[in-house]
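Report on the following structure.
Labels run A, B, C and D following the written order; every chain starts at residue 1.
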Amino acid sequence: MGQRFIEQLWDHPWFELSSLAASERSAGKKYREAARWRLENELPAEVGDMKVVNVDPKEVQADVVFSALPADEAKKAEAEFAKAGFAVASNASAYRFDPDVPLMIPECNADHLGLVEVQQKKRGWDGYIVTNPNCTTIMFALALKPLMPMEIQRVIVASMQAVSGAGYEGVPSMAILGNIIPFISGEEEKVEREAQKILGTFDGDRIVDAPFDVSASCHRVPVMDGHTEAVWVEMAKNPTPAEVREAFLNFNPGLSDLPTEPKRPIIVRDEVDRPQPRLDRNAGKGMAVSVGRIREGIRFIAMGHNTIRGAAGASVLNAELLSKKGML
Amino acid sequence: MGQRFIEQLWDHPWFELSSLAASERSAGKKYREAARWRLENELPAEVGDMKVVNVDPKEVQADVVFSALPADEAKKAEAEFAKAGFAVASNASAYRFDPDVPLMIPECNADHLGLVEVQQKKRGWDGYIVTNPNCTTIMFALALKPLMPMEIQRVIVASMQAVSGAGYEGVPSMAILGNIIPFISGEEEKVEREAQKILGTFDGDRIVDAPFDVSASCHRVPVMDGHTEAVWVEMAKNPTPAEVREAFLNFNPGLSDLPTEPKRPIIVRDEVDRPQPRLDRNAGKGMAVSVGRIREGIRFIAMGHNTIRGAAGASVLNAELLSKKGML
Amino acid sequence: MGQRFIEQLWDHPWFELSSLAASERSAGKKYREAARWRLENELPAEVGDMKVVNVDPKEVQADVVFSALPADEAKKAEAEFAKAGFAVASNASAYRFDPDVPLMIPECNADHLGLVEVQQKKRGWDGYIVTNPNCTTIMFALALKPLMPMEIQRVIVASMQAVSGAGYEGVPSMAILGNIIPFISGEEEKVEREAQKILGTFDGDRIVDAPFDVSASCHRVPVMDGHTEAVWVEMAKNPTPAEVREAFLNFNPGLSDLPTEPKRPIIVRDEVDRPQPRLDRNAGKGMAVSVGRIREGIRFIAMGHNTIRGAAGASVLNAELLSKKGML
Amino acid sequence: MGQRFIEQLWDHPWFELSSLAASERSAGKKYREAARWRLENELPAEVGDMKVVNVDPKEVQADVVFSALPADEAKKAEAEFAKAGFAVASNASAYRFDPDVPLMIPECNADHLGLVEVQQKKRGWDGYIVTNPNCTTIMFALALKPLMPMEIQRVIVASMQAVSGAGYEGVPSMAILGNIIPFISGEEEKVEREAQKILGTFDGDRIVDAPFDVSASCHRVPVMDGHTEAVWVEMAKNPTPAEVREAFLNFNPGLSDLPTEPKRPIIVRDEVDRPQPRLDRNAGKGMAVSVGRIREGIRFIAMGHNTIRGAAGASVLNAELLSKKGML
């Protein structure tokens, strides 16, 4: 995950990678010595040469801090950075449900940034924390956004999740080769709560959750990257598959050319057997969610790159929105 | 599939493998020359030496005929065999929805065999056809049986299906290595109709379908054997997960020791991450359906061996029931 | 393979894709209807709209024709095109061992193009055929080139070959999921003869084979793209691993910036566990061969993208050399 | 590995599982609580209920102790057990090259047990240590045994090794899904030394190594169980492939029905594409080595189950030999 952040940022048009912070074990080393690079794109020499610092606001020089910390470390560290005046774009789950912290997908709820003022006032922080959702939530929550006018009542999601979502050592090969593991610790709980906040309404003071239920079943599959989700959506207005397809096609979040924003956040695949992770995960440089097989029910498939759209790219897109809004 | 039939039958305590019939291309050859053996268990020499005959009632000597023909060939051939006096235990989909043909899972609807008399009367056949369901249907339909008293209203199934379900040449490796294909031709249509007939009521003349809806989304995954299914069941009586678990544990189909019948047709796994195809598909010699992760919703996972419980073993179990009932 | 050709050519700086020819079954249709696109990069709309023509010199407009035909069809068709005046850059095996047909890896034997004149004289053709080697040969033959001064005597190659080498329908998933197939039909025979011709000497009239033996064992592995090869090279000069590494690093084929030519045709990986197909196959846009683990023996690993460096890209690089030399 | 030991021993006809010893972290717990069971065969309830003890001779009741300890822990612990009078059948590498410790494959060198007396005399131990080789060595060393009369001079081995060889957490799925890792730490060094000792001659006092060289290249592949090896053997007598095949077929180690001993330790597969790990690893209950594709060179493929024949089963077979010889 940290590596995907570096990849998203190293040639970013707006941001410059100024500091790399990690646990004490790594601090003080050059990045190339602190970590083994695992991505296909080669680590740029200048990033490899950067010295890793401690996760300490005093050691970091930046306008915005990206966090891929484990939830428990994030709780403490992100507050320290926010207090010290940094904007924190966090991929961690620690603050997602704090009522004064926005849980953002820019294409869905850019106006939730209004919470930042509430947050700073309440906590007395100079900086602030903005979070993005869990990788599984992002794929279907983005797809639900254009369906909101049809009055969503209930959502059922069966996910088939890539191994990269668990980190490099997360899933042993003996566990998953030729196998399915029908369980991912803590995942269903997150997935079942996040979409309602993301698609909720900011009333000037807090978010009023969107009024639908989500029931999830999360499964690990032997796929490297790309979460595939079978989604059922019950809507009061009872649209046809053609109407749902139309809503997806017409979806225009009205952002203004953020660098990481895909041309189309939702790509509709009309082939009978798409989207597929191998073929579609890199659509929109990994930032588009591909949907397909829109059937009566309403049922459809949503698929996106879990460590780009679902994690590092999500945080970077949030930070771009902050920059655009003059909040950095 | 034909190979799984041979494997199920070659040392069967009640049946003897008397004839192997196949298309013209193979007829006349020894079996070992007509087909390339693909299973881990070695082909017994005496089966390899059997001469393959044509799919023609005049060339076959048997009390019961097992059919793994493609649907279109099955339509014609199975009728010819039934007319000629054979009992046909078919895994093909051709006759599953004919109102006078039983669609059987012995643990669910042994009484549907009453249809055989209706069938023979109506068609003037000396023999008859008995079918078993699609491999995906069997896993969750068997799991639904003990829940019937709780008044099932709606079922949602997301399947993660093994490649063996498509036959040896069915899924190219380039299609599925590290990938998910969210489409299996014709599968959802079958899955959505079969359970209601299986769990329906025989009124002496016909089957009255069970009154629930099924909505399926079927996906191919890089797993060799074993279909995993995420199942949601809405029931009028609104049971708790504990009550559903209890119903699974107490399920006793009351058959009397058919050779292929597993000791427990439904095995409840209480571990947090089971059932898994690699670990659980061979439970009950491949004939048990394992369930787990019974959660509010009601949601659970059902998993079984798709070419044994879901195909060859299903037909053989049907034939054993016919034998037990004196119908062969 | 045809699809990789299209991908290599659609935005080529020197070549323009003018005709797509295929068997009668496809001829007359738009390309998008004749073939199902299987690559991650989307098929450009204008290529999808091209009408497929017959494999007939009269229907094709081009300076150079790329052939990915099966060997038997290639025999006839490539001769017809060469006779009709086309330059044929062939990936097929049909003509590789004809003494007047160059078997080319531009970085190894650009001077073998001298055979073209011999070929035209002998056969009375206006055009000519230039071939590239089998995908497995290319990886280690390129790596052998800088070792030629050390007097290679014997080469042993154990290949671990990706499924894409067999074509989309070539390897069923049931054959290869979690498995190794220690056999690829006809492969070892090709691999054992090609390198000697490629690394042989053009004496103005014919190729004198390089004087070493090759012994190969070819294996299919569950990898999508990228052939990995364990190579042992016995050399009379008995170099140390460090000297071999140096020879790889200093290798400069002296071509002049052909568009498809990688900056470094041989990339030396010094990490203990590289090259790996997933991480290294796209090096040099799929045209570099990565080597590593150079050990006493001399043993090393060579790895390259089998359908780019090993097939479509190889033919395109050959054609670029032809263009550069003014032969088109 | 420990789990495979339990599986091999729980219904063993000669041995009874009397104690389970593990590190302090596990000691004192019931086995089912100390370890998560990962094999397809269910853990027997009575084994799950056994209390795990410390790796301490005073806590263990047994005639023979099986060790699957890491090399460094094995060094100390195995000596303590041997000193305390236990027979130690070790799968660890710690003592394999001690000149007074036999490195055994019963079918190859049962007479090396004569070293035990040397060992006890030299060390003053009441018990002793007997080791088995590395999993990769066993497959080809067993295959070399019947070729010894043809005067082996040089052996080259390219291994394609299953992930289970590295233990449950050993190979992350992100490292190996759709990938090859051409490196296994320390493996080639072991493989290159062990066969010569195993196939060496016991001269009453020590082992005189067999006079051939081994050069290995070891690779990890996405296979669950079963090591596949491409083997080249240079022999002074220069046999034909047919003569090599004959030698394999005629191989009879002359043991007398040890329970774990396969009927044929070497199975010759004549099909063009065998052995394959998925189809052949369980031959002889996982204790047979399958060979095939015997070609000029001499080249062939050897394949066996790495955690049964290559580890737990190897140690158990050693212990059976000890028992048979009255050494327990």
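Miscellaneous remarks
Quick note on the criterion: contacts are C-beta pairs under 8 Å (C-beta built on N, C-alpha and C of every residue); 3 or more make two chains touch, one makes a residue touch a chain.
The structure presented is a predicted model; accordingly, all values stated were derived computationally and were not measured.
Interface comparison, B-C versus C-D: the higher number of contacting C-beta pairs is recorded for C-D.
Comparing the CA-atom centres of all chains against that of chain C, the greatest distance is found for B. Centre-to-centre, using mean CA coordinates, chain C is 41 Å away from chain D.
Each chain gets one centre point, the mean of its Cα atoms, and the points for chain B and chain C are 47 Å apart. With touch defined as above, residues shared between interfaces to two or more other chains in chain C number as follows: 38, 177-178, 222-224, 278-279.
With chains as nodes and touching pairs as edges, the resulting graph is complete, every pair of chains being joined.
Touching chain A in their complex are the following residues of chain D: 38, 163-164, 168-178, 222-224.
Within the complex, the chain C residues that touch chain D are 156, 158, 160, 178-183, 188, 215, 217, 219, 221-224, 226, 228, 230, 232, 272-279, 292-293, 295, 297, 299, 301, 303.
Remark: chain D residues 38-40, 177-178, 224, 278-279, 282 touch chain B in the complex.
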